[in-house]
Each structure stands twice: as C-alpha cells, then as structure tokens.
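Right after this note come the structures.
Shared between the two complexes below is chain A, which has chain B as its partner in the first and chain C in the second.
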Partner chain A sequence: MIQITINQQLENINTNVVLTELLDNKGISHNSVALVVNQRIIPRSQWHEYVCQPNDNIEFFSAVAGG
Partner chain B sequence: MLTISGHQFSSRLFTGTGKFNHSTTMLNSIKESQSELVTLAMKRVDFNTGLDDILAPLQQLGVKLLPNTAGARNAKEAIFAAELAHEMLATKWIKLEIHPDPKYLMPDPIETLTAAKALCDKGFIVLPYIHADPVLCRKLEDVGCAALMPLGSPIGSNQGLATETFLKIIIEQANVPVVVDAGIGAPSQACRAMEMGADAVLVNTAIASSAKPEIMAKCFKQAVESGRQAYLAGLGDVTTNANNTSPLTGFLNTSITGG
Partner chain C sequence: MSLGISDQQYIQYSKQMLLADFGEYGQQAVMNASVVIIGLGGLGQLVAQYLSASGMKQLYLFDGDVVDPSNLPRQILFDHHDIGKNKAAVTAAKLQAKNADGRIIAKQVFVSDENHQTVLDNYKVDMIIDCSDNFNTRHLINKLAIKYRCPLVSAAISADHGQYFMLIPEQDCNFVMPHGCYHCLYPADTYIENSCQHTGVLGPAVGVLASMQALAVLNYLSGRYQDYGVLHRFDAKGFSWSKVAMTKDEQCPVCQNKPSNMGEHEA
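Let's look at the complex of A and B:
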C-alpha cells in the first residue's frame, strides 16, 4: 500500500495503480475530467501509463456550471 | 453572422450556465435562448456529491463550450486553468477572467493582459473579461485576443450598462468582436447594448435568477435580435431641440378665425 492525496484527502491505495484505475475505482467517467499530479497536468493519453507514487498529490477537476 | 476566430454564430446571445436552480431548467433556458456559445467553470471533484452532470447534456445540445478561468487570482493560475480546460474539454477557447476581489469581482487588468499574451502565444482563442477600459481593450487586441468582453456592471448585479460611455468607445475602436458581459439585468439592457453596436452579449444571472428562466431566455433572444436589427437599420440622431414630425401649416388657426 502507498499513501497519496486525492483532492486534498489522504488515501491508501495499492502499489502499481495507474491513473485510469484510480478513475475507475472512483466511478468517474474518463471523458469528463482533467487530472493534475503534483501541480502538473497529465494528458489523457498518459493516464494509463502513469503509476501513482507515494505522496503523490493528485487532483481531479471537472466542468461545473458557471458564467 | 457573427464570426469569432473563424467560427460563425447565428445567435448573438451567449449564455452562462451558473445559478440555475436545476440543470433541466438551465438546459431548457439555453434551448429557448438559441444561444450557440455557453460558458462553464471548473472545480475540483467533490467525491461526496459526485460529478455535476452538466457536460454531456450540453454536448448533446450541440452548443459550443466556452470554459472560463473563474477562481484564478493571477495570470499564472489563469494560464494553468486554461490548460486544464483544454485537457478536459479539448477546446482552445477560453474566457479569461481574473478577479481576485470577491466582493466586486473586478477583473485585474494587469494580470489579464499578461495571461492573454501568454495564452495567445500558446494558440488559445482568448476572450478576456475586463473592465470597460478602451486603452486596455486595444492592448488586448494587440496581443491577439479573439474578442473583447467588457463588463456592463459588476458580475451578477443586474445593474445594466453602467459603463455605457466607455462601451461605446470600445465598440468604435475595436477590430475584433465586442461582447458585453456581466451586469446585464434586463432584455431592454441587452437590446441597448446591441443598438450601440455590440457584436454580442453574454447573459447569465438575469436569466437564471428569473422566476421563469425559460421565458426570460426567450425574451433576451428577442431583445438581442431586435437591438441588432435596430443597429443595422441605423438609429436617428439625438437632438436637444424638438423637430416636428407633422407639418406645422397653421391650418387650424385659419379654420377657427374663418368660422
């Protein structure tokens, strides 16, 4: 297990988990979010190959209503 | 047709998606408005409440999405937000808004110009939300902004065109479309902006906060169309003195004295 931060909440996850698996575990559609790891935007094309590291700060952003 | 950065719009009414009581009301209002460009914001996903189901239905409507950078307090954050929006929505269009002051939400002109230049250089289609400042507007145009979005009055205030004098100067000087954004609180105010020669208006609160948003959306559609037609037809001159519209021949005087 490793500890990471997801949207400012500490979480323990298995080792060797990639970002697409994180999304699937959260039940989040891949089409509707952008992912930031340690203040760096990870392109969608790299989600399946980025392996979460201990202490990663991961942020999920989505579109919301706004003017 | 209105053209912004090569994209044509039949409707000159842009709408925001915020503040509606229900997403169905928001979607129906956009349909009634016939708006073809709608704004969105972004935020961190709250896993307790889940994702807003806003994106898919908007995409089904076929409207063009204009993500904004609301929440950014400086150029660096706004540039990051624009790149986030590009990654999320696969669009280079961005409504650049940087307003660090939560009370009046006044846009920061210096940070906005800095961010606009950087984003234009990166190939973004930048529509900056700014104060109705004609000098700033020229500078934003010089760095490559696709349109200008000066405010009529503070965001969500429904105060209308408090900046009318300066909007007229901006409209006169601009070589890119001018979209009057923020503060438009009534269809008559949207109509007025269009009569003045604005290329489009962006309306959110006035529709969303109405007791009947769908009807209000349609009213704005009609007002914008009417204002545009009036602008194209050409308004008459405003004068201090009266100018008679009927012949003043004095025939009644003759008739009375003759009787």
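Let's look at the complex of A and C:
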C-alpha cells in the first residue's frame, strides 16, 4: 500500500495503480474530468501510463464552459 | 505630448502610465492593439468595458445572442432598454459613445468556421479573448488561436467554479506548442455538465474572471505577462485560487499538428 492525497484527502491505495484504475475504482467517467498530479495536468492520453507514487498529490475536477 | 499620445490622452490614461513597467510604452502598445472578443455575455461585456476604457485601438466583438432579462444581474453594461437587442451591437454602441479614441466593431453572429475569416484573415489581430459560453465554441477558438498563432486569453465560470488561462502559440523549431492547449486539457469528447443556465452564478464571481482576462491583455501588451500555459482555478465560495501547469499532450490533434493540418475543426 502507498499513501497519496486525492482532492485534499489522504488515501491508501495499492501499489502500481495507474490513473485510469484510480478513476475506475471511484466510479468516475474518464471523459468527465481533468487530472492533476503534483501541480501538473496529466493529459488523458497518458493516464494509463502514469503509476501513482507515494505522496502524490492528485486532483481531479470538471470542465466549466459558462461565460 | 509624447510617443503619439496627446495631452488629453496623457491625462486620461495617466494612472496606467504611472506604473513603472507599463509607462508610455505600455499605453502606446494598448493604443495600437486590436483584439477579438468572442462572447459578450457575463465575461465579454466586462472585458470589453475595461479594454475600451484603457484606450485600446480596436475591439472586434462577436456575439449572435440578444439581451435577456435574466442577464441583467451580471451583464451590467445592459439595462431594460436593451432587452431583445444584439449584445455585440449594444456593447459597441455604448462603449463607442464613451470612448472616442478606439474603434469598436460589432459582428452580430456566433463565431463559426465560416465567419471567423472575416476578421482573422483580413486584419491584424493581436489577441483573441474567449468569453464564450459553450464547449464547442471554446474548442473552435482554441483551434483558431493556434492556426493564426494568436495569443489566447480564456476564462469560464459555472456556479462557484472559475477557470482562466492564457496560451501563447509561438512555436519551437518542431512547430509544436511550448505548453498544452485547451484540447490537451479537455479533449473534444469531454462531458460538460455545468453551465450558468443550469447551475447559476453570481455576477461578481463572473467579474473576477473577466477582470483577470482584461488584466492579462493589458499585461501582455505592455510586456508584463509571464504566466503562459498555466490553468488558474477560482473557488468563488471559498475565495481561493490554485494553479497548475498545462502539460501538452503529445497526441493532441490540434496543437501537435504541423501548420498545414490545422485548418479543419473537429470539435
């Protein structure tokens, strides 16, 4: 297990979890959010490659389009 | 009189020029600048007011929408007499009457692949300001900014969540963007559930984002801006900002293409 922060909440997750699995485990649709790891946007095309690391600070949020 | 600035203009714009790193150079840059504002709703009518009042040379205003009573609490340039009238036309008329120095051109249409060329192909445009209210238009504007190598200032808000960024599509020797674009951030199939129509929004919260856009334009034109490719997120309820780097997607079909492939809109 490793400890990471997801949207400001500490969580323990298994090792070798990629971002797509992280979203799947939370029931979040892949095309509904943007993902940030340690203050950098991770493009959706790279989510299946990025393996969560201990102490990663991960955020996901929705797009807004109103003006 | 100095650098083409008249005595009257010198007095009128003196507070801007008093900023040491803005000065007469910055004012002259503003007075020589032409920008396109797409969308004259909550964001756009405020951005237009600030830029017109700053002495900007030319504003091209795109919007096919008309003023509705529900717009008035946040679109404060408009009043009850404007209801039913085109937003771009009303904005242009009111701002032209207040600011004789600049030229304000209303395009009473929703920007599209078919009509953007009337401005972007025929005139020198220094910046595009995205004040639109829907996802497809935002993708089109992103594509236009990259196609025309034009700096893009974008903001959006829904409920208490605001987002702002500026992109500079200068390209390196491989003809790619130095940072991610809107498509890298939100691919075209991204699902959007938030809009002002469905979730509501408070006028001053919209004003915060509009002020950021206008400030970014003035800072860019005067050489004071450095925060390219950074997404700023605003929590209007918690009064907090956060920012993240907009990483480029190496597979992005919009900004990672060679220039010859940028003409078609996919969103």
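Note that in this section the second predicted complex is superposed on the first by the 62 of 67 C-alpha atoms of A that agree within 3 Å, B and C clash if a C-alpha of one lies under 4 Å from a C-alpha of the other, contacts with A are read in each partner's own complex, and residues count from 1 in each chain.
Just so we're on the same page, contacts are C-beta pairs under 8 Å (C-beta built on N, C-alpha and C of every residue); 3 or more make two chains touch, one makes a residue touch a chain.
Owing to the predicted nature of the structure, the values given are computational and were not obtained by experimental measurement.
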item	value
Chain B versus chain C as contact partner of A:G67, first or second or both or neither	both
First, second, both or neither for A:K26, with chain B first and chain C second	first
Which of chain B and chain C A:H48 touches, first, second, both or neither	neither
Contacts of A:N7 with chain B and chain C, given as first, second, both or neither	first
Touching partner for A:A34 - first (chain B), second (chain C), both, neither	both
Chain B/chain C common contact set on chain A	29, 31-32, 34, 36, 41, 43-44, 59, 61-67
Interfacial residue positions of chain A with respect to chain B in the complex	6-9, 26, 28-29, 31-34, 36, 41, 43-44, 59-67
List of chain B residues in touch with chain A within their complex	16-20, 23, 26, 39-47, 51-52, 54-56, 65, 67-68, 70, 80, 83-85, 87-89, 155-156, 202, 204-205
Contacting residues of chain A [partner chain C, same complex]	29, 31-32, 34, 36, 39-46, 59, 61-67
Chain C to chain A touching residues, read off their complex	39, 41-44, 130-135, 138, 155-159, 161-163, 180, 184-187, 189-197, 199, 201, 206, 231, 233, 243-252
